[in-house]
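One structure is given below, encoded as structure tokens.
Chain naming follows the written order as A, B, C, D, E, F, G and H, and within any one chain the residues start at number 1.
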Amino acid sequence: MNSDALRAILSKLQNGDLQVDQAAQAITDQGSNSMDSWVRVDHDRESRSGAPEIVYGESKTAEQIAGIMEVLDKDGAGALATRVDSAKAGKVLEIMGCGQYLEQARVVLRPRTQTREPGIGSIGVICAGTSDLPVAEEAIAALEFLGQNVRRIADVGVAGIHRLMDVLPELRSCQVLIVVAGMEGALPTVVAGLVDRPIIAVPTSVGYGVSMGGFAALVGMLSSCAPGVTVVNIDNGLGAAMASLRINRSRNER
Amino acid sequence: MNSDALRAILSKLQNGDLQVDQAAQAITDQGSNSMDSWVRVDHDRESRSGAPEIVYGESKTAEQIAGIMEVLDKDGAGALATRVDSAKAGKVLEIMGCGQYLEQARVVLRPRTQTREPGIGSIGVICAGTSDLPVAEEAIAALEFLGQNVRRIADVGVAGIHRLMDVLPELRSCQVLIVVAGMEGALPTVVAGLVDRPIIAVPTSVGYGVSMGGFAALVGMLSSCAPGVTVVNIDNGLGAAMASLRINRSRNER
Amino acid sequence: MNSDALRAILSKLQNGDLQVDQAAQAITDQGSNSMDSWVRVDHDRESRSGAPEIVYGESKTAEQIAGIMEVLDKDGAGALATRVDSAKAGKVLEIMGCGQYLEQARVVLRPRTQTREPGIGSIGVICAGTSDLPVAEEAIAALEFLGQNVRRIADVGVAGIHRLMDVLPELRSCQVLIVVAGMEGALPTVVAGLVDRPIIAVPTSVGYGVSMGGFAALVGMLSSCAPGVTVVNIDNGLGAAMASLRINRSRNER
Amino acid sequence: MNSDALRAILSKLQNGDLQVDQAAQAITDQGSNSMDSWVRVDHDRESRSGAPEIVYGESKTAEQIAGIMEVLDKDGAGALATRVDSAKAGKVLEIMGCGQYLEQARVVLRPRTQTREPGIGSIGVICAGTSDLPVAEEAIAALEFLGQNVRRIADVGVAGIHRLMDVLPELRSCQVLIVVAGMEGALPTVVAGLVDRPIIAVPTSVGYGVSMGGFAALVGMLSSCAPGVTVVNIDNGLGAAMASLRINRSRNER
Amino acid sequence: MNSDALRAILSKLQNGDLQVDQAAQAITDQGSNSMDSWVRVDHDRESRSGAPEIVYGESKTAEQIAGIMEVLDKDGAGALATRVDSAKAGKVLEIMGCGQYLEQARVVLRPRTQTREPGIGSIGVICAGTSDLPVAEEAIAALEFLGQNVRRIADVGVAGIHRLMDVLPELRSCQVLIVVAGMEGALPTVVAGLVDRPIIAVPTSVGYGVSMGGFAALVGMLSSCAPGVTVVNIDNGLGAAMASLRINRSRNER
Amino acid sequence: MNSDALRAILSKLQNGDLQVDQAAQAITDQGSNSMDSWVRVDHDRESRSGAPEIVYGESKTAEQIAGIMEVLDKDGAGALATRVDSAKAGKVLEIMGCGQYLEQARVVLRPRTQTREPGIGSIGVICAGTSDLPVAEEAIAALEFLGQNVRRIADVGVAGIHRLMDVLPELRSCQVLIVVAGMEGALPTVVAGLVDRPIIAVPTSVGYGVSMGGFAALVGMLSSCAPGVTVVNIDNGLGAAMASLRINRSRNER
Amino acid sequence: MNSDALRAILSKLQNGDLQVDQAAQAITDQGSNSMDSWVRVDHDRESRSGAPEIVYGESKTAEQIAGIMEVLDKDGAGALATRVDSAKAGKVLEIMGCGQYLEQARVVLRPRTQTREPGIGSIGVICAGTSDLPVAEEAIAALEFLGQNVRRIADVGVAGIHRLMDVLPELRSCQVLIVVAGMEGALPTVVAGLVDRPIIAVPTSVGYGVSMGGFAALVGMLSSCAPGVTVVNIDNGLGAAMASLRINRSRNER
Amino acid sequence: MNSDALRAILSKLQNGDLQVDQAAQAITDQGSNSMDSWVRVDHDRESRSGAPEIVYGESKTAEQIAGIMEVLDKDGAGALATRVDSAKAGKVLEIMGCGQYLEQARVVLRPRTQTREPGIGSIGVICAGTSDLPVAEEAIAALEFLGQNVRRIADVGVAGIHRLMDVLPELRSCQVLIVVAGMEGALPTVVAGLVDRPIIAVPTSVGYGVSMGGFAALVGMLSSCAPGVTVVNIDNGLGAAMASLRINRSRNER
């Protein structure tokens, strides 16, 4: 319960503006909402950190997506829906009458019009091959929607490791690194051996046969011989964005 | 190549102390070590960040472990070996003639005698049940060896969620959270819904049947409905420690 | 064997209308149908409990579904077919010339016109997210067809656990709880820690990557750290309805 | 928060025995325990329903098991630890100086000396083969510890289906059925086709090759063609006991 | 090598029509074809046993299927292609200008016009549910094409075991039993406990979730507690037909 | 129901020794045993076919195995227990005071002293490598116990296919072929392309890595490109013996 | 760093054309490109060996494929894109205005117009069945594009092993053998037992059920009892071509 | 058939020492051995290539291993048995009375005393970490037994990629590369991007959790983004040695 609210009730009781029963009821009413303290903290967190709820679009209808985005975008907070194919996105935009669709990232976006505290430092999104770009773009779309500075570093797969070496200074200039790779998923391991930054590895479903829809990359990243690599679900660009936001915000709060 | 070394060679050439061929050879010799620039940076990183190599003890003999620890501990840098069972640990300690064994964590330790810059803030290690403690202790042993401040928060499994609620303020006072859980592995998901911190989830092999040696917890953590949870390998307390170190150091470097 | 039929034969024997051999033959003839006692008991059970056969529509043609539903609906008993997509449902309704299609639940329904003993108490159907609704709706459609009282409790996923706390009294007012969740499937574990009711967990195929079409949720539910959670197949809303009916009927029979 | 406690504080405030700040602090102090309402309810539930915490012994030391059992057994409530092998059980009994070990069930038991409300009706535990007995015995030990009446029905595997037919009346006389089977796990499916009772299927790890430590039985039970079978983890006799207790208690509470 | 051909060469040598070198070469030339003895035996086997090659249609074009069937059907031997969807079957029939398509069985057929020795005894094809019929029909189409007598026994799933009991005499009148079932696949186990015949179990891909496209049924059949059940690949009606033909021919050859 | 018993009751009724109610009760009482008709048929089958129950020894104690074998061996019928390791076998033999242990086959045997109708024709047991011998020996021990003639054909793996060619006539002289192979399990496929006999393939757990305890061999055999191969569980020599017995008996019954 | 370039800089320094700082900078500038030495070597390798980059077409748009092929084909080097379906191939050809599509191989080709050193010896591509041809054709298209001589040897599956025997001399005349097979994938094992050549096994996704999209063939090949078989990913004709090129080039370089 | 033998028979026929029937029989007798032509070729191959049969020791008794090695070592050909643990190796050496045990490689060796044509060029065996050494040593032991020149290149894991760069010239000086790695198995991918040699990747079972006994490394290697990597079974050092021998011999035969 909010302590100001509590004191207000108590003062009214002391002042005779409320009777014991009334004060008890008022406290209880707040108490029946006592779980709301989390909600409220939760809401505070979102307004403070710039991380509103993101709509998971895959198993929702266009109507549901549009409706939820409208609610989220009250007061210009903006809204983002991920994993929306282009046909469904067309319907969503038609229903909402505004917004935009980022095709490669597969996200529908209603940009924020509220001002937001600018991000500090930058988050690097590193991509093994052009086939992995859609997942990287999902991460980037989410990060930019959330007000973060992003650096794109593409096509640095380990089959031609010199390409990676060329971008080492760039990698080292980022505060957090999101490393996106499919097939054997070796890139985060190699990067973690070269760069001293928090690394969030994102396996992608690029590949066939034993790639098993991204499981080869996932288990490769999780069993990496380089210490300190953390991993999110296959193709989960959004999750990596959210994790990097937690890290970067933690830096800034110090 | 080290620029001082290069200038020294060039000055000698300019001074006539070296001929072109000799200077070329000297630069080439260094150049044949040109990969050492990474090595060196790598060494710099370790001395800077307090993260020396950790010995993976599981598939090494006691002799190999003891030998590598001796090398790593030169100049009082200390050394740590993980995944060492008690029988092998006895032999390692006997060969080295010093050090200690943390049985629950299954690590052999030669404490650092060099001074180290103290850690800033604290890293929370949260543990669902007492059965998960060995993995948590591995993370804690590594973090303390690396000079970090650790908070232990144990026995807060989701089957009695009030226990978790009681420790929320403690969770929020940490800069990074390592969340260790076996069986269904739901704890990091619930924590991520309550606390706005970087969260590194560690699935453990506690359980039987469909727990599949920790895979149930692993896939549960990776498919978490709470955004921004990152995951390391099953029972990988060390990996979580290293990842949290990357994050905490990143905070401090700002 | 039906006891009336048996007595009739025996009376005829006693009356001399049948000889021993004829009577033995008559009893044996019924005996060759002695498996029918199960059938009959089975039929008795269905008329008693209000649980007629439900048509599994997925691998049947529209013609087969319509034909079986006509047979089941004799005497106004009603009929229900599950897992029917909208195209096939259109054909089924056209062939039958009556009935209705519940799109979200994916069931075709011919409502019962016979009177039925009303259900006692209510069965709660709890749903983690809007994406899990179709599975919940299948369970609800079956339960309502079977004459049960249902309480819908939606969107109480563990990522925002206060939402679940708010509905605790409602959960506790139900006699049986069906808990539907996809992704990491943590909801039944948390509910089982809070509420002292029979809990049937239904994993859904909502999710991607390591969710593996619902396997992550399934194994999470089966390896739950909360005791006494039982589980049905992925997306098996009907199975959960049937299991809750067995439980609720058992209560009422006491 | 307890309303009596709240009113007491408020009365003191109204009476001038407390100042606003003191009253606010007192309410907050209770509020910092506001999660205890669950704890308390939880404790109430356990004393009411006779379901104290059961110790999961597999990944605990003898010392830990003995210690927890001592705490649980305060006031003669009794205590039970499952999945304890005979060597560890010997140590546990030695440390505690009392209690008994049920070898086949692999449980350590300190019987309850408190009186307990007797169970109503009986719970049937049906076992496909003698190899499955240890899992059945774990369920039985837990149920008897919890004050339930149990019926043992053994060796009725489907390879000789007449054995099952012979016990049908016995099955029908139980309020809940726990059906334990390994290998192909067909028994619960056949039972569910014959008996109209809540059925909790327990797959066992009996078998080899494709039995995969009980996965064949598990997936067979989950994909059963008989409606309304619910399933617990492989070898999880305790879980089945707990689920049947939830059901039987629900019956009795009506 | 054909003995007539060998004798002819040797006679020519004896007669002086060939020299040693020429005869050696001639024998060697045949010898370079010596593998043809198998081919020939193979052809003999097919004409003898009525088991010509069957075309696997799934990964072939309509043109390929039609072409191979034309070759196989020389001299009125007939031809059969399995796993052909209706669109491709239409093209195949159009190209060939004759033949027929059995839609449920998914086979294209050019009936044999050659006379064939009639089959002895009958092969029972037992089917758990109507959803499993396509697989059963593939087996039946193959068996009838191969001149065997088939008995169809449908809809005898174990969820209503009396249906199976009713057909026991029919089952016992067959020489070999092909038992087709999806979901948990318990039917062959129950049949094997009741009937003393060779049993070939065919798991089908009917089901969802943990049925895993037929793997639940497959592993259930392979880990059957009833001895002597043999199993073929998921949905492999043809394979079961071929195996039953091997058995039935073996009977007849005695 | 036994017809003599039925006639006796009916005669008593006709004679006035029983009233209708009493006779009805008596018939019903027998009727509650009506499943015994199967039991009896079952027993008839075993005495007729020489296939007594075989004891699955793996998850039974020495006491249990010895006790069951004593019961089975009444009247000199003999008894066989499979999957018994040498330590447990020693105890079993000690308890029974008679019998023998076949170490490679891992079976305990009490030979039959009753006469038995001799087997007709022979069953070939073909073994890819010496490592697969234990599984082959289990099949052979069971077949010989059951009175069948067995031909052993060992070490004919496909890596040296000429070895297989050399034994083709021997293979063709058998009525049924059991083909035992580990690793890639290709042998049954090659045999089925060469020999026109019923083939029961037995995958073994010989191998490592991707052999996955016999799964590579199992799936290879099930997806064989040669038609008509049937398969039993990994290492299931007994199951193959039982299946071949069903086939060979079927031949002889004609 | 190129030694000529280095000497040139050093000479300028010696000659006074550069100061130490300028020379240091010039060397450093080259040094910042020092990774290019690999790039350069890499380019040398490709022009030397005739192995330009091949475009992985599956997860790229037609525009991306066409664009990359244009770049690769500068100076008539030719370009190849694999895993392109016919619809996308049509667009690629339309955008490029030249090139050809090999439908069975699913590759888009811009033939090389530069002269290339002819391949030495020939690479055999052996195919178990006609269903496996597309994978074999991908390998062949790549090999011919790369200037190698290829021998096609089709339809030699192990179910009729004489077909394989007939082509043994042809197999032995090749320098390297690519062996393509689906289903149980036994062909490479049998070939490796007969022929003394490097063997690259390619499992295909031909089959159903336990073939698991090629996993049965893959694990069969990897656990082959014939020594020295190496394996590539399922359906990876291109990978096999590249591996055989490495081997054949190695032969020629001697 | 041996041509000398054939000519001898034919000469006898021509000389009248044999009649046509006798000659036909003699040729047929040899013909029944006509598969021996492969055997002979096989033996020729072994004596020519220096690749005698290697004994797979894992599932053989010490007696079996010793016996087979004695046979193989006739005439000083030497013999090698792999996967022998130290206890069993002690017994093997004791039985044979000679030979040696290489503990790390886990092989028993009877060195060849026959002279052998020396190997040409060298085969590189590259090892990611010290934990992978036993597998590398198995490959090396086999290669040296087979007369090949081996280069050991150890501890060049990708987590510190500069270590790999340092040995590039050494890698390039080898004719074939065997690359041994556990955990995520990224090393062969990185090597293949840098070096233009045939590469045989060997995944090892080093690791835990998602490493799944080497499956993570295996699938990573098979789905490598670097073209032309071939793979053998997990821990299969021998298989890699045999494959490299096939390649190196192919080079030398040119």
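In the analysis below, a residue touches a chain if its C-beta (ideal position, glycine included) is under 8 Å from a C-beta of that chain, and two chains touch if they have at least 3 such contacts.
A quick note: this is a predicted structure, and the numbers were derived from the prediction, not measured.
Shared contact partners of subunit D and subunit E are C, F.
Ranking all chains by how far their C-alpha centres lie from the centre of subunit G, first place goes to D. Against reference pair D-E, the listed pairs G-H, A-H or E-F yield one interface repeat, A-H (criterion: more than half of contact pairs the same by residue number). The distance from the centre of subunit D to the centre of subunit G, with each centre set as the mean of the Cα atoms, comes to 60 Å. Spacing of subunit A relative to subunit C, judged by their CA centroids, is 40 angstrom.
Between subunit A and subunit E, the centres computed from C-alpha atoms are 56 Å apart.
Residue positions of subunit H with contacts to 2 or more other chains are 38, 129, 160-161, 194, 209-211, 215, 218, 222-223, 227, 233. All chain pairs that count as touching, in label order, are A-B, A-C, A-D, A-G, A-H, B-C, B-D, B-G, B-H, C-D, C-E, C-F, D-E, D-F, E-F, E-G, E-H, F-G, F-H, G-H. Taken in their complex, subunit F has these residues touching subunit E: 38, 45, 49, 54, 120-121, 175-176, 194, 196-200, 218, 222-223, 227-233, 238-239, 242-243, 245-247, 249-252, 254. The part of subunit C that touches subunit A in the complex is made up of residues 129-131, 160-162, 165-166, 206, 208-211.
Residues 33, 35-36, 38-39, 42, 56, 58-60, 64, 83, 203, 205, 213-215, 218, 233-236 of subunit B are the ones that touch subunit H when the two sit in their complex.
Residue ranges of subunit E in contact with subunit D, taken from their complex: 128-129, 157-161, 183-186, 189-190, 192-194, 207, 209-212, 215-227.
Those residues of subunit F that touch subunit C in the complex are listed here as 1, 3, 6-7, 10-11, 13-14, 20, 23-24, 27-28, 31, 34.
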